[in-house]
Amino acid sequence: MTEAYYYDVTNWPVGNPFEDVGQVINSMIEDIKKKQNNRDLDEGGKPGAVIYLPPADYHLKTQVLIDISFLKIMGSGHGFTSSSIRFNVPEEDVPNLHELWPGGSRILVDLETALDAPEIEGAAFVVKREGDPRISSVEFNNFCIDGLHFVDDGTGEPNVENTYVNGKTGIYVASAQDSFLISDMGLVYLEHGVTIYNADALTIHNNFIAECGNCLELRGWGQASKVTNNLMGAGFKGYSIYAEHFAQLLISSNNIFPRGASTIEFNSVTRSSIVGNILHAFYAGMVMLKANSSENLVSGNHFLHDHEPWKPMQMHDNGLDDLFGLLTIEGHNNSVIANHFSEILDREFIKPVGAKPVIIRLISGDHNYIATNNTVATEAHTESGDSAFAAQVDSLLTTEVSAPIDVTTVLVEANAVQNTILDSGTDEQVILDQKVNAFRATPSISIR
Amino acid sequence: MTEAYYYDVTNWPVGNPFEDVGQVINSMIEDIKKKQNNRDLDEGGKPGAVIYLPPADYHLKTQVLIDISFLKIMGSGHGFTSSSIRFNVPEEDVPNLHELWPGGSRILVDLETALDAPEIEGAAFVVKREGDPRISSVEFNNFCIDGLHFVDDGTGEPNVENTYVNGKTGIYVASAQDSFLISDMGLVYLEHGVTIYNADALTIHNNFIAECGNCLELRGWGQASKVTNNLMGAGFKGYSIYAEHFAQLLISSNNIFPRGASTIEFNSVTRSSIVGNILHAFYAGMVMLKANSSENLVSGNHFLHDHEPWKPMQMHDNGLDDLFGLLTIEGHNNSVIANHFSEILDREFIKPVGAKPVIIRLISGDHNYIATNNTVATEAHTESGDSAFAAQVDSLLTTEVSAPIDVTTVLVEANAVQNTILDSGTDEQVILDQKVNAFRATPSISIR
Amino acid sequence: MTEAYYYDVTNWPVGNPFEDVGQVINSMIEDIKKKQNNRDLDEGGKPGAVIYLPPADYHLKTQVLIDISFLKIMGSGHGFTSSSIRFNVPEEDVPNLHELWPGGSRILVDLETALDAPEIEGAAFVVKREGDPRISSVEFNNFCIDGLHFVDDGTGEPNVENTYVNGKTGIYVASAQDSFLISDMGLVYLEHGVTIYNADALTIHNNFIAECGNCLELRGWGQASKVTNNLMGAGFKGYSIYAEHFAQLLISSNNIFPRGASTIEFNSVTRSSIVGNILHAFYAGMVMLKANSSENLVSGNHFLHDHEPWKPMQMHDNGLDDLFGLLTIEGHNNSVIANHFSEILDREFIKPVGAKPVIIRLISGDHNYIATNNTVATEAHTESGDSAFAAQVDSLLTTEVSAPIDVTTVLVEANAVQNTILDSGTDEQVILDQKVNAFRATPSISIR
């Protein structure tokens, strides 16, 4: 008999979704397979199913394993709220809080895993299937995956909720896959938000992935995918977006908050684009094109680097000083065109003391093309505070003009040759060997 | 007892959703709170709820007040149709119309408010909560909010349906909030579409907000938000997008129609981006960076300014003449790179008569960087008509080449110094004091 | 009596949705009209309806005809999987495949139409209504339309499943319409995916339209629309995106795969934007601005042209040689700024043998502005294979540096005059008549 495949976790005979939604979903997947196998398959297929999570708190004690194509898991609410702020509220103020936790259609990841276990063991949702074809069109939509707590990582962080370590992952795709769609989700307080191996035609769209150790990691290899319109921001140890051995990856229209150790990191990524994003970071090393990343386009992005204003996090950084560069390139044939960089640092915070911060740094590689990028570099006068938000608001409401600071807008190192640098800094701001690189300075008034 | 939170307005014991959906939704919110308070909160939270509006006409006579986090209100249809066209159809043709009103999951805003009452009183949906944490993750998705009629505003407009005044607002967020998501909505015939104070990590995505006095107003202050992929167009008195005291605001991939008094207006907005949009306007003053708006990036946008072709609206404009500029800047350190400007005006419509229209105007501020912007300026030969659409189609189907008009592509006023203007106009097209600004003209043939 | 309009195809008294979902949907539309006509319409309208397709296989033997506004047809799963790979798997391996067909909420298009019949006859969904107002706000969301098979087209293709011909169209909008929304869909193995005449304020967002003869065709005329965030890729005979007589069309943040005969083709399109896309093609003629297409902006795109690596498709191409250009312009006043071009071809594949491939070609037209575009041209060393994917992965995992090839980055033909070419190639790479065009070469090291 042919029938439709609609499942609601709150209306299923096996298990209790509020106590262990993992058991419920796994039971549903078994049911889907059973029904598929009973069907006449004359041009009919195995259409998968939708599993619906109405808004509620669902504890997950059993890992979900997805090994069928065309499964959509959807909720009605991404449910993000800042757990980071909540865990740094003074104890005496907690009783006055309206609510303590994220919400919406919320998965509470209650897996018990050792911190040194393989990452896959701590994942709420695992997708994995060997053989052909690659698993296709699994969709995650509009629910919340909450890792609940970070834990003591032995580094001496006085508030263990600030470690960004708990061995938990939201979604872990272990095998090659095609045409996946992760959209409108909220992920919070996970050591890894979304980890995906060997992606093809993947869409990561309009998600809210923040206060995770790492937000999005595209590992193995991949092609022809897009990461668009997301709000993201990793912890100080991790990546907001990481990709390796990828081609035709489009990263556009994202708004990426601090405080990831890097904002976007490419490891041997080629023929990909970072366009039209807002990128904000508290540390140098915002966008790194590493390990021969080549033929990429970085265009129309707004880079802002300023100083961490929030006291609980000021003890942390990523260990890089301001000579490292905001955008670094190790590779060839990349195009960096029409970007804006704001380097907003009070002199006292510049590392090493007295240094001229570097904006774009070509570490190695040839035939990179850097044109019409504008850099603004001034002091900030931002006050630190108990609230990062309040500090930002304060600075928004001031109109005082800050003093400029000297920077190197483009530094082309000795290993990088045959590059072209146009209109991206004055003669004083660009450091390169003109015998082996082409250069045209941004005109300055004094030159005329 | 733990349970899920799914509500359907057509299946609720209190009130009649077709007569007053506001009463129904407020009753549901009371129920949600009651159930939340009865729960054991051991790591469980207050997950909010979803309220579903299946397609239908829902009168709203009682304002909805949302003071809980994680509430999603969703329909199945944004339901936009042009009320403006319908209200300018000759009376005798009305009986032949297939339908008269917007549709989908449609809220008919029937609030009775005085035009001089505070804006909040005329809002269909109000979100407001004091205390901590800020209210989070309220979502509005895929329904229609219809203000029904505009009213006589005393200005003598012969058709009161063309005034863009009725004291009604679709969504009014009165207090600081986090991670809100407004997507796939249709808003029409409201004096204010969406008004939001003090936004953090807000998403306004894929909405259709048109024929409203104002479409989107981001007031107070805000940070780290995105306004993407929307179709918008305000009335002749209002803003399509307005933001004040905002940082890290990403406005990308929107297609903004006429006829807003301004298309995008920034008031003390910093470190934000306007990238990859199509902006079309009938008046000068399309994008204004005002009141020390600084360090913003305007890149990859298509600006079109042409003459109002629709007779019913030709009596209106925003009062600015063609010397005002299409993009104006009062602020410092902004980057304007890689934009296209089309100024398409028959000579007879240029104001003041005989003037050379201005495209980019730097009113005040320093260290703005203007590079590789292209301006096209020609006559139009557009016919006015009873249908703006027909006029557009006529012009699409013609291939006649229009005569060029002379314009000032960049005007740097005396108060603006130390700016850099590159490849954005010839020597004849750019007006600036080269003693205090850096300039490189777009090469012209005759120079060679 | 007022009521809501929610329909589920699996719960309807007329017809069997699994055998002929077309009959079921048409019956629902009749019911919607009947209910609308029975209603009191005092400021109430005809709100349309939602028709839900839970995941399942739905054969469609009767064409759906939509002639009401505000109808939303939605599923829970776009269901794309590669039928092209599946139909090129050796027969003996087929029994080992996990699944054979696309899935999700899947329409199997079983219409019987002659290949030479008018296109509309082979369409699964037809939208058509004459009179006023134009039909508005029909939405298609998150289901799959599967054309099932391609057929013998008489051209001698040994595998008829590779012809991209079957006379089937997914969605065919025959009459002028307003504010349509097609999102989150999957379309596969259709000769035409989506064909729309006379569009206004159309949204095509986040769809997966691939392995179709043509993906998206915007015919007639149109205005103020957006095509954003899609994954697309047509067959070797067709268009991935085609538009004619259109204004204010925004094509942004799409990731377009090979192997369309063209990737984006504009026919008399004006004042439109192609921004922030990844475009990948196996043939020259990727983006064509034809027939006086003017005042368009092409910015921030990544163009990649390389050689077809997949053996089953290597017998096909679009007939254009490498002198044709990757981006061609016949029109005036277009802006091409800040794009990256990768031309990756082993010398043996360049046509004609020994030719210098052309990247940007201005065929005719004046006042086009071409600035800060970067071209990379190297050999590839890609191995052909039984799997295009494997070939790509191989090339991703290699880091060997390829030898450069000589190209003409910009060719301005004799019919094209008064154009401006800046920083888009060295003196050796740009061919133009400097007496009638303005030119500034990208600085090269040797010049200094």
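By written order: A, B and C. Residues from 1 in each chain.
Operating definition for what follows: a residue touches a chain if its C-beta (ideal position, glycine included) is under 8 Å from a C-beta of that chain, and two chains touch if they have at least 3 such contacts.
This one's a predicted model, so the numbers in the text were calculated from it and none came from an experiment.
Looking at where chain A touches chain C, is over half of the residue numbers used by both copies, so same, or under half, so different?
Comparing the two copies, chain A and chain C contact each other through largely different residue numbers, since under half are shared.
Tell me the angle, as a multiple of 5 degrees, of the rotation that maps chain A onto chain B over the C-alpha atoms.
120
Once you find the CA centre of chain A and the CA centre of chain C, what distance in Å lies between them?
The mean C-alpha positions of chain A and chain C differ by 29 Å.
So which bits of chain A are touching at least two other chains?
229, 252-253, 275-276, 299-300, 337-338, 372
Give every residue of chain B touching chain C within the complex, in rising order.
Of all residues in chain B, those touching chain C are 10, 18, 54-57, 76-82, 85-86, 89, 93, 96-106, 108, 148, 184, 186, 206, 208, 210, 229, 231, 252-253, 255, 257, 275-278, 280, 299-302, 304, 337-340, 342, 372, 374, 376, 378, 389, 392-393, 395-397, 399, 401, 423, 442-445, 447-448.
Which stretch or stretches of chain A touch chain C in the complex?
2-6, 41, 43-50, 69-72, 74, 129, 131-133, 135-137, 139, 178-179, 181, 183, 200-201, 203, 205, 221, 223-226, 228-229, 245-250, 252-253, 268, 270-273, 275-276, 291-292, 295-297, 299-300, 332-333, 335, 337-338, 367, 369, 371-372, 418, 420, 422, 434-440
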